[in-house]
Structure formats: C-alpha cells, structure tokens
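Report on one structure; see the data block that follows.
For clarity, chains are labelled A, B and C in written order, and residue numbers in each chain start from 1.
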Amino acid sequence: MRVGLFVTCLVDMMRPRIGFAALQLLEAAGCEVIVPTAQTCCGQPAYNSGDRDSARALAIKLLDEFESCEYVVAPSGSCAGMIRTHYADLADGREALARRMAALAARTYELTDFLVNVAQLDRVPGEYRGSITYHDSCSGLRELGVKTQPRALLAKVPGVKLREMEGAEECCGFGGAFSVKFGELSAAIAEKKCDCIRATGSDAIVGGDLGCLLNIEGKLRRMGDDKTQVLHVAEVLSGSAKRGG
Amino acid sequence: MENRAMHFKARAGQKLADVVLQDNLGKAKSKFVGMRARAIVEIDDVEATREAARVLRNRALDDLDLWLEQFERQATQRGATVLWARDGAEICQTVIDIARRHGVRKVTKSKSMLSEEAGLNLALEAAGIQPVETDLGEYILQINDNEAPSHIIAPVFHKSKEEISALFARTHQRPALTDIQALTREAREVLRPHFLSADMGISGGNFLIAETGSVALVTNEGNGRMVTTLPKVHVVITGIEKVIPTLEDLSTLMRLLPRSATGQSISNYFSLLTGVKKPEESDGPEHLYFILVDNGRADMVGGEFSEMLRCIRCGACMNHCPVYQTVGGHAYGWVYPGPMGSILTPLFTGLENAIDLPQAATLCNQCGVVCPVKIPLPDLLRKLREKQMERRLRPLAERLALLAWGWMARHPQLYGLATRLGVRYLKWLAHDGVRNDRIRILGMATEWTLGRDFPAPEGRTFREIYAARKGNP
Amino acid sequence: MNAREDILGRVRAHLRRDARNAASGRSALDAYLKARLQGPRPKIGGDLVMRFRAKSELLSSTVEEVTASPDVPQAVARYLAAHQLSTNAVCWPGLTGLPWRAAGIEVAARPATGSDLVGITGCFCALAETGTLMLCSGPETPAATSLLPESHIAIVPARRILAGMEDAWNLARTELGEMPRAINFISGPSRTGDIEQTIVLGAHGPYRVHIVIVRDS
C-alpha cells in the first residue's frame, strides 16, 4: 500500500515526533510511506473562518501533492475530516475538480481508522505502563466515526490501562480559531474537560488531534497540573511516549 | 426585543464570572442532556424518525405558499380569521386592533417566542392593555421587570429558587417561601384569578396543520389550555414556517419534540385547536385569530439558509452546546440563544448586528447530532462566516492574518522558512528561567494565554527534520 | 400592498412559483393530504390496556380497573376517600346515569368553574404508546371539566385504548363529522419544571389524575 502521510501543520510546527510516530506505525503495518515534502496546510482554518478562496487554493494544492498516493493518512481527525467531508463542498460546481476531490476523499483516513480498518495492524510497537484516558475529538468522532479504533489499538499496548472519563465525547473548547477569538470562553470549556480528565486519576490523557491536545495541555499546566502527560495516540502506539517523560 | 447580540463577548465574560449562574448551568446541563438521552431510545428507530421529520418539514417549506394557503382556507372555513404580519410592529398593531375591537382590557399569555421578537408586552401596556404571562418561567421574567428569557424552553433556568423566592415575596407581598412546590402553588393561586377574568388569550403555536386549519400547542402546566379555552378571544401568533401538512406529520414530530426538549415521552398537554366554539358549547373562544408572521422568515425560503426554517424550537441544540453550557442564554443578546440563535439572530436582525454569534462556536456538531429535524447547524454557521468575510465584517487584523497564512501555505519554501523561524522563536519565549516547556503570555495570541498556557514547540519542524534525515540516511 | 400579498409574494418569488408548478404543486398537495402517510412508529404489541396502565402510572396518574360501568362510582368514591378529597364533583352530562349518589358522590352536570375541586369526564379514546387520554370538546364534553378542578377523574372504556396517535386520528375521522374545537391529549397531572428544573405536579391544571378503566363497556 502506497500511503501518503499528511502530517498536518500543527504537527509539523509543534510536535514533529507525532509525525514520525505515525510514519513508524504505517511502516510497521507494512505500508510504503510517501511524505510529499511541499505539504503545508489542508485549508481548514481558512474554510472555518469563511475564506473559501484560500481554502480552495490549499485544497487544490493538497490534491496535486497527494493524488498519486493510494491512500492519504493524517494523524488528525480534523484534517482528515476536512479532506474527506468538506473538500467536495469547495469544488463549487467545477465537475472535474469535484470528481478529483471525491476520489481523494474516498482514500483519505484518520490514522487509527486506517490502521484498524485498512491496514489491519496486528501488533503495535509501543508499550506504556500506566493509566490513560481518551479524548474523542469532535471531527474525528462526528465527521469520521472514530471511536472504537483508537481504543482497539490502545488495548494492544502492553501495560496500558484505559479509564474512560465522563464526557469523553464532549468538545474540549479548542475549535481552531475559536481558541484565539474567544479565549476566555475556550479556556472555560477546556477547564471542564480537564476536570473530567483529572477525575479519572490517569497518568496521561491521550487523543488523536493535536489542536485538542495543545489546548488541554495548556489548560492543565495553567491549572497547576504538571504531572498529567498529554500524548497523541500515535506516540503511545509507537512507543515514543515514555511514562512520566 | 432589543438586540444586544453585538455585546456577546463582553456579556459572555460576565457570565463566566457569575458563580450562581455557573452552578445553575451545571445542574441544568446534566438534567437536559441526560433526560433527552434516556427518552430518545424509546423511539424504535431514531434515525428513521429524524429523517422522516426532515422530509415532512421540507415538504411544507418547499411549497410553503401552497401549504399556507391550504391552512388559511381550512382555518377560515372553521370560523377563524387569518391575518398576516411582516414584522414586530405589525404584530403589535394587529394585536392591539383586535383587542380594541373586542373591548379587551386584560390579556393572559401562554408562551410565544414571536411575541418576544415583537416586544408585544410593552406595546400592549403602552396601549393601556394589561398583559399577564402565565407560563411560570415567563411570569417570573415578567415580574422581574420584563427580564429576557435565557432558554427557549426553560426561560428561567438561569435563576435559583432563592432568587425566585425573593422575587415572589416582593411582588406578591407575601412571606418568602423556599420550597419549590410551595412557590409553584403560590404562582397558581396568584395567576388563577387572571385566567378566569381575562378578555383575551394570546398563545404561540408549535405547529399549524394545513389539513385541518388547526394549531397545535405543546405545554405542561395547563396555562396553555386556560389561555385558549377561557377567554372569549384567542389570538395565535406564530411564524409562517410552522405549517406542516397533516395530522400524521404532527404525530411524527410529536415523537421527537418533547423528547428532544425536556426528555418527556409526550408533553403533559398536547392540544389541537380548530375554529371557534359553537353556540351550544360552554367553553372555548368565540373569536379566533391567527397572525402569521414573516419577520425575516419569508426571505429565507428557498435560499442558502432555508434548512434553518425546519427548526421546531425544541432547544436540544443549546442544551448540548459547549458554548451555551458555559455562558447560558442571555449572552446571546436576543430572543433565541445557542446554535439556533446564532443562526437566526443575524438572519432576522441583520448580519452586521450580530457579528460575534456565528463565530462563537467550535463547530463540534454536538448540536447537529441531536437536532430532531437534521439541520446542519455547523454548516450554516460556517456559511454565515463566509457572508461576513464577503461583506468585510470581520476585523482587518483577522482578515489580514488569514490572507497571510493562506498565501504562505501556498508557498512551501517560504512557509518552511517562516515556520522554522517561528517555532524557534516560540521555543525561546518558553524559556522563563524556571521551565522551558510553556509560554505564559503569548503576545501574538493573548486570547489563548488569557486562560491557559501555550505549550512550547519542539523547536524544529517535521519538514526540516524529515528533509535532514532523508539527506543523511 | 397588504401584508398577506407582500409575504406570500416574496415566498412565491423565492420558490420560483409560476402557473405551471402551482398547478402541479396543488395536485401533489391534494394527493399528499389524501394519502395520510404515517411516519415510523414504534411497535406497540401485546396487551394495550396493560401498556396504557404502565405508561400512565409513569406519568404520575393513578389507574384502576373495574368490570362494568355501574362499578365506576364505587371505585371513584374509594379513591376520593383515600385521598381525603371532596365528594362534590362536576361531570360530563353523559355520565349522570351512573349510580353516583349510591356511592356517596354528588355530581352536577354543568360546566366547571374555578372553584370546583373534582371533575369527572369520559374520553374519546386513550393511547397506550404514551399513557395518554384524548378528550374532544363539545356541548356534552366541555374541555374545562378536565382542566379547572384540582382532581380530574377520567373514565376510559378498555376497548377505546388504542396503540398510538395515528390510530386516534383515524378513529376521529371516522366517528366525528369534523374536527372538534379542541382535542386535548392529557398525559398526567399538570406539571412544571421551570424552577431549577425540578418537576412539580399541579401547576395550573389538576394536581392529580385518576383513571378508571372499564373492562366491559
């Protein structure tokens, strides 16, 4: 399987190790992984802010870069969701473009969804001896149906104890640009999520979207919690996350 | 009602700091969300029922003129008078004309969101007619100097019983009671004489049934029945989008509405009113008026936002919205709060009068998942954001930032350079002598760091590390 | 231009209404009205009476069964005594033939007033799906009798307990010439949750609803 890895702009800038973890997992699943080097952004910030023109331009750029791959995989429910469920909307009646977008959408997956349902990854390289709780990010869950896949993979990690939090499916308050337009409100919503996380007493909170994770980590630290680890599911599965590290 | 939606952000800030409100919001959330979840599973096939509801609502909206004419014909045949109003001023004038025609001095009202849109109570008072709200929540608001409702189903869910107790003691000139049951009984005793002596009853209408020319009222307290049975004149004020084709369609919607709103299998009272009383009957109005209202609805028909017209005013969207759950309804500044309010307020009162509302959402779609008529609320919010962009209604700094990002992202070399510099700068900012993993105040995004830290980046970009590794395998 | 023409005019313009699609639209409308398409309905199987009882009780009504109509007044008398309620009631005219006085109940077949404490009605039918009474207003079946008094007693013939609302519409279409002025579906005592989302029974309507199901009617 020729898989194009779209690392996402947040991973590229903030946590490259998540991109490398995803790469490692895809290779462990037997994929040939291509990383188009000119990749930047899927266009979601522009799309959600109402700037269709920029969003379309970035969508076409991504289409050009990834079209030749058999699959496109991103360690992010929101970016994969953007490609899979919203790119078609940007075609604006241009038929050839619409067809290309639809074709790309059908081959685009969030990482854990791909590993479970397409690559059917049997064993994961990682180990994590501790308790974790999982945050279901909104686009992953509601746009792509990502719910059981990360849990199925985490169950294969030796040492992991999963504790479900109350309100796991509730929004963490990130919302992309929302977090910097309505910062106070965003932080207040994040606080409720962090209360639920801390109530589980887990060593780490794990999720599939870096936007959510940065929001949660920032809030935990401001709340005085320096202990709860904030990890992307790819890090736990690949073994690049060390307990307490 | 006066539109204060422009002050959303400031009001939201106040609401966050309001400890009593936050406590009430927390309690209300678990009740509304939990109760809906338990009730909705009583329906054998929820998704099929939602889909049927979407289809039947669209059926009426796609031929709205024909279905309204059908309703009008049927209602008129049964002795009702069907009137039309373009805006709040026409609603008020029409009601006052009717009241004057029948020598009305006192009006009892059961819940009507449209009368809120029109500011009807104030207009009636100015015309020397006494309006008495009878829905317990609306009554509480009325005696509290006509405070605005904070939720479309539970108008005073932002108030504690202590606040209500103090309000009753002051207004009714009786000793303060703290027991909720006793407070309710007191309201019953105070309001009953009004029910029995009112000349006219005004209600909203949950649905208008074209087949029979009837109005459906969904209530729990009994005040809806009182207001529409006892006075000699009954006026129904409702939006043109409320018309549905048949009684069967009504039954489909009635499986979803009470469950979505309050978690009830069916509302306590569900009344279908058709025409006026016959001479040999002992109760019912002698005169029935329908005021079918536009106030922004007609121009949504057949347009980009027409799906919003399917709304059956259940309140499920706001009950499940993380933003609403955090600030309550008053921050939204007008009649309708939450996701549906963030869409209707700009559409009804002007996009330029409610700039923040479509932006104040994370687009999480918790609302869309529970909407009984499958309105794609996040998509409509996004469309409003597009409209704002087109009309240059967002701050210049924001538009420039987006343009810059979009342009950069299309130029990978430049993007790579800028991001490499950027993450190094951020990483440097994070060194504060004590730790090096977070930034406490981020000048370029102070909104983020108001309430949380900004985690430091690793310091190099994925693209640069990957390129280096490929260069040195 | 008056409001009606203005509003309908704009709606028609937005829908691109012309003579041709108006004609086809109207025939589609007529066809849909005739078809009476039902939406998805839950399966209500088994004993409708049992289900009606169970659902009614969940809504805080009290329910009992008697064998035949003449047994009703004694059952009602027991209920009133058990709750220390007045034995003076208003009732629908059609119910005066039952042996009330022998059971110690004074009934008056007149419209209810604001000070009546007990109202006794029959019903048009009842819905097992939700434990709901359906009352149709009329000269012999005034609506206020089930609304104004503090206690509402409803006599329900078992054979009039139907599965759901759609069945009630069909029955109404068959039996009644036209829609009554008011069809009231009643599902328990009046209630409100407006204060702190706490449910209180007895808002503006009755505090209690007692249902007497009559098996052989």
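Some observations on this one:
Simple rule for what comes next: a residue touches a chain if its C-beta (ideal position, glycine included) is under 8 Å from a C-beta of that chain, and two chains touch if they have at least 3 such contacts.
In this text the structure is predicted, and so the values were computed from the model without any measurement.
Comparing chain pairs B-C and A-B, the larger number of C-beta contacts belongs to B-C.
Taking the mean of each chain's C-alpha atoms as its centre, the chain lying closest to the overall protein C-alpha centroid is B.
Centres computed as Cα averages put chain A at a distance of 53 Å from chain C.
Mean C-alpha position of chain B lies 29 Å from that of chain C. As a whole-number value, the distance joining the C-alpha centres of chain A and chain B reads 32 Å. For chain B in complex with chain C, the touching residues are 24, 27-28, 31-32, 42-45, 48-49, 52-53, 56, 59, 62-70, 78, 83-86, 90, 134-137, 140, 154-157, 159-161, 164, 180-181, 183-185, 187-188, 191-193, 195-196, 210-212, 214, 220-223, 225-226, 228-230, 240, 245-249, 251-252, 254-255, 262, 265-278, 280-284, 292, 294, 298-299, 301-303. Within the complex, the chain A residues that touch chain B are 7, 9, 11-17, 19-20, 35, 37-41, 43, 45-55, 57-58, 61, 138, 142-143, 170-171, 173-176, 178-192, 214-215, 217-219, 221-222, 230. Of all residues in chain B, those touching chain A in their complex are 9, 12-13, 16, 322-323, 326-327, 359-366, 368-369, 382, 384-390, 394, 398, 402-403, 405-410, 412, 415, 419, 422-423, 437-438, 445-455, 457-458, 460-463, 465-467. Across the complex, chain B is touched by residues 2-4, 6-8, 10-12, 14-17, 22, 25-26, 28-29, 32-33, 36-43, 55, 59, 111, 114, 130, 132, 137-139, 142-144, 147, 164-166, 169, 178-198, 200, 202-206 of chain C.
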